[in-house]
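Labels for the chains are A, B and C, by order of writing; each one numbers its residues from 1.
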Amino acid sequence: MQREDKQLELVLENFQSKLNEFKAQIYALIFKLEHERDNVNWTTVLDTFAVFSTQYTAIMKYLSYEKLPQLRNYSVLPLMLNPERDEDLARITENRVPALSHDIVPDFLRTKTEPEVEHKLMQVEHKAGGLQFETAQKQLAAFNKVVNHVLDLVSKAREEWEVETGARVGIGQTSSVADLHTLVSAVSMGKNLKPMVPQVSPGGMMVPPTGRPVTPSMGPNTPPMGMMPKPPPGMKTNVKAAGAPHPYR
Amino acid sequence: MGVTIIQQFPMKENRTGAQIIEFLTKRVNALGAKQCGTFLVDCETYASIPQLGVQRTLHVFHNSEQPASVFAILDNGTGKTVPVVADALFDLLLLKMSSVYTSKKSKVEIRGPRFELNDFVIKIGAININHNVKGIIVEAEYRPCVVFGLCWDMLREFLQGFLGSCVSNIPPHYFQNRMNDIFQPLDTIQQYLDHITIYRKATGILQPFNTTNT
Amino acid sequence: MEAVKEAPIPAMDSLTAAMKNNIVPNQEYLLQGSVLDSAVEVLLHRLRGLCDNVDSGPETFHDHEMCFSISNVYFSVHVLCPLHIIINIIFLLGSVTPQPLTLRVRRAIDYLDMPYQLRYIGQPELGDKSRPTILRNSIDVATTPTIVDFLTEMGFRMDFEYILRGYMFRKGRMKITVSKIFKMMVVGKPAPESVDPISQSYLVELSVLAPSNQDAIAEDMRVFAEQLKPLVHLEKVDYKRLTQPPM
């Protein structure tokens, strides 16, 4: 008996320290939320909750450890209820429970769920138990059907998408390095763009500037090989003078 | 934007450019004109290097009335001129051409007060060639009209009103073929070029004349 | 027109100040690629999704570009004024080797009343691997249409010309053009019946025109180019290697 008592005390002590640790962490979070609300981001809060969750699981695991005395075998009995404020109790509970009154005892010392909840649970369990095997099978089949249908839809969409991207890759080449080089050297250095016949006349001047509608009369389909017939020297100035009636137009 | 004409005002003996400007300022003020800042027209002239053959001359203008533009007028040396109006960065491009077009180092600046009088803008400026005052230029703009031929008579009368008989009754040479064209900022610059050319040509002759008189 | 209250500053002075303060957009960050005619629709579709001008659709253009050059026979640096020295240091880095000065004139064929664009493009700098884009000097100037005649009379010679047709997209400060390059079969005639595409691909260019020292934008361009893969590979095209015959 003595040994068992000692063990129980040890377990409770351990349990309490674990709970206190947990409590401190919760406090830290609350403090943070109250004082640094603006700097808290959701990821850190989420991380903290993950820590809580593991803490809780660890505690539950500890309690269900086989070699520990089963705490549930011990009962707590309220010997006296008192509506007056109990300073000792308040101190122990950090002012959370000021008095052991009728009001709170049913909740604090409850070992079973509330009658109302219990009733509902019973109803559900009864319904599940009373279900015919065939009906259950039927419902199961229906549910499976729905799930499979959704799965089909998703995989079909995925397949289509993959085919599409596949097809795009399937075009294979969408660009050609050789073409790029042709284009860039044309635009930057005029490769393949320079007139076949050099049009330079002695003074470094060239025949009428391009892009202006003043070129000497030429059919729209003049063969490209002939290029521009070189106008006689006298004509050159005429063309130019006519080209600029008002130079600022 | 209206029609602008440019008029020389003769330099008088014993008077500096600043004094003449002050004298004319009094006259326009008497007409009721209000001064609205100052103006600046500048011109830099470049010449092509001999390797390019016939020497070409390039005049590059800025006008404070059109501060975002550069006006360039090329004289190809055989009687043809080609103007271009461009963005301000054109000046940077010109620097790229410094190996083929070199500055003639005769910077011209026309600076002075700018007045407004109802529909007219009047500018009175001293023309500086290489920082020497060479003469006085008066610019008058009539803003509601854009065709020279339609407002020349009025502009002439307006100018004669405060400049006196130095304003000719004959339209400036530049407009003789452009009486009915729409006026452009470039037309102002072309007139400045005409006047600058006259001053530059005259400089050689005027210089001794001025020194003997002062 | 608002009256100028303060004394006007000579244009050259304000230009020098602008240069010193690095507010003149004189650098072009550039990436180039190409896309086969068969895949251009897919590319345009993707660009429509990626770029800013979604509502209005892509802007089309139809331009005529002429490349002019002037040769100074011998090369010499004329020192004009202190400003010139500054600009020389900043700009003329590329022109230390004697080579003709090249200028480009571009005009819109579809909008005849648009200003012409005169453009100087410097030697492209590839830089090392850490630089995501080509960097080249660029001076862009809008001018009157007389510029063609002007350059010709100045002694410039037209080296070559071509037609560009394509689409323009914007994404922030980035400009993306997808253009088909046509050779002109008849000098000075950009009419559709006398032009011939020079390749079965469109030229794709991603560029930003910015003042000096704005290298951060190059990183944005790299990220954007990444999004167009594998459809188009926008890369730093090595111009020096292009001059050699293809292997």
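Just so it is clear, contacts are C-beta pairs under 8 Å (C-beta built on N, C-alpha and C of every residue); 3 or more make two chains touch, one makes a residue touch a chain.
Listed by chain with UniProt protein names: A = Mediator of RNA polymerase II transcription subunit 8; B = Mediator of RNA polymerase II transcription subunit 20; C = Mediator of RNA polymerase II transcription subunit 18.
Predicted model only: the values in this text are computed from it and were never measured.
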{"item": "Longest centre-to-centre distance from subunit A, chain (CA-based)", "value": "B"}
{"item": "Chain whose Cα mean lies nearest the overall Cα mean", "value": "C"}
{"item": "Where subunit A and subunit B are represented by their mean Cα positions, the distance between them in whole Å", "value": "68"}
{"item": "Centre-of-Cα separation between subunit C and subunit A, whole angstrom", "value": "41"}
{"item": "Whole-Å gap separating subunit B and subunit C, where each centre is the average of the chain's CA atoms", "value": "35"}
{"item": "Sequence positions of subunit C contacting 2 or more other chains", "value": "144, 146, 149, 153, 155"}
{"item": "Shared-contact residues (touching 2 or more other chains) in subunit B", "value": "52-53, 80, 82-83, 85"}
{"item": "Overlap residues in subunit A, where contacts from two or more other chains coincide", "value": "204, 240, 244, 247-248"}
{"item": "Partner subunit C, residues of subunit B touching it in the complex", "value": "36-40, 42, 48-49, 51-53, 56, 58, 62, 64-65, 67, 70, 72, 74, 76, 80, 82-93, 95-103, 109, 114, 116"}
{"item": "Of all residues in subunit C, those that touch subunit A in their complex", "value": "32-36, 38-39, 42-43, 64-67, 105, 107, 144-146, 148-149, 151-153, 155, 157-162, 181, 183-191, 193-194, 198-201, 203, 230-233, 237, 239, 242-243, 246"}
{"item": "Interface residues, subunit A side, partner subunit C - complex", "value": "168-169, 171, 173-176, 178-195, 199-200, 204-206, 208-212, 215, 218, 220-222, 224, 227-228, 240, 243-244, 247-249"}
{"item": "Subunit B partner contacts - residues on subunit C that touch it in the complex", "value": "1, 3-8, 10-12, 15, 24, 26, 70, 72-78, 80-81, 84, 87-88, 91-92, 95, 101, 103, 118, 120, 139-144, 146-147, 149-150, 153-155"}
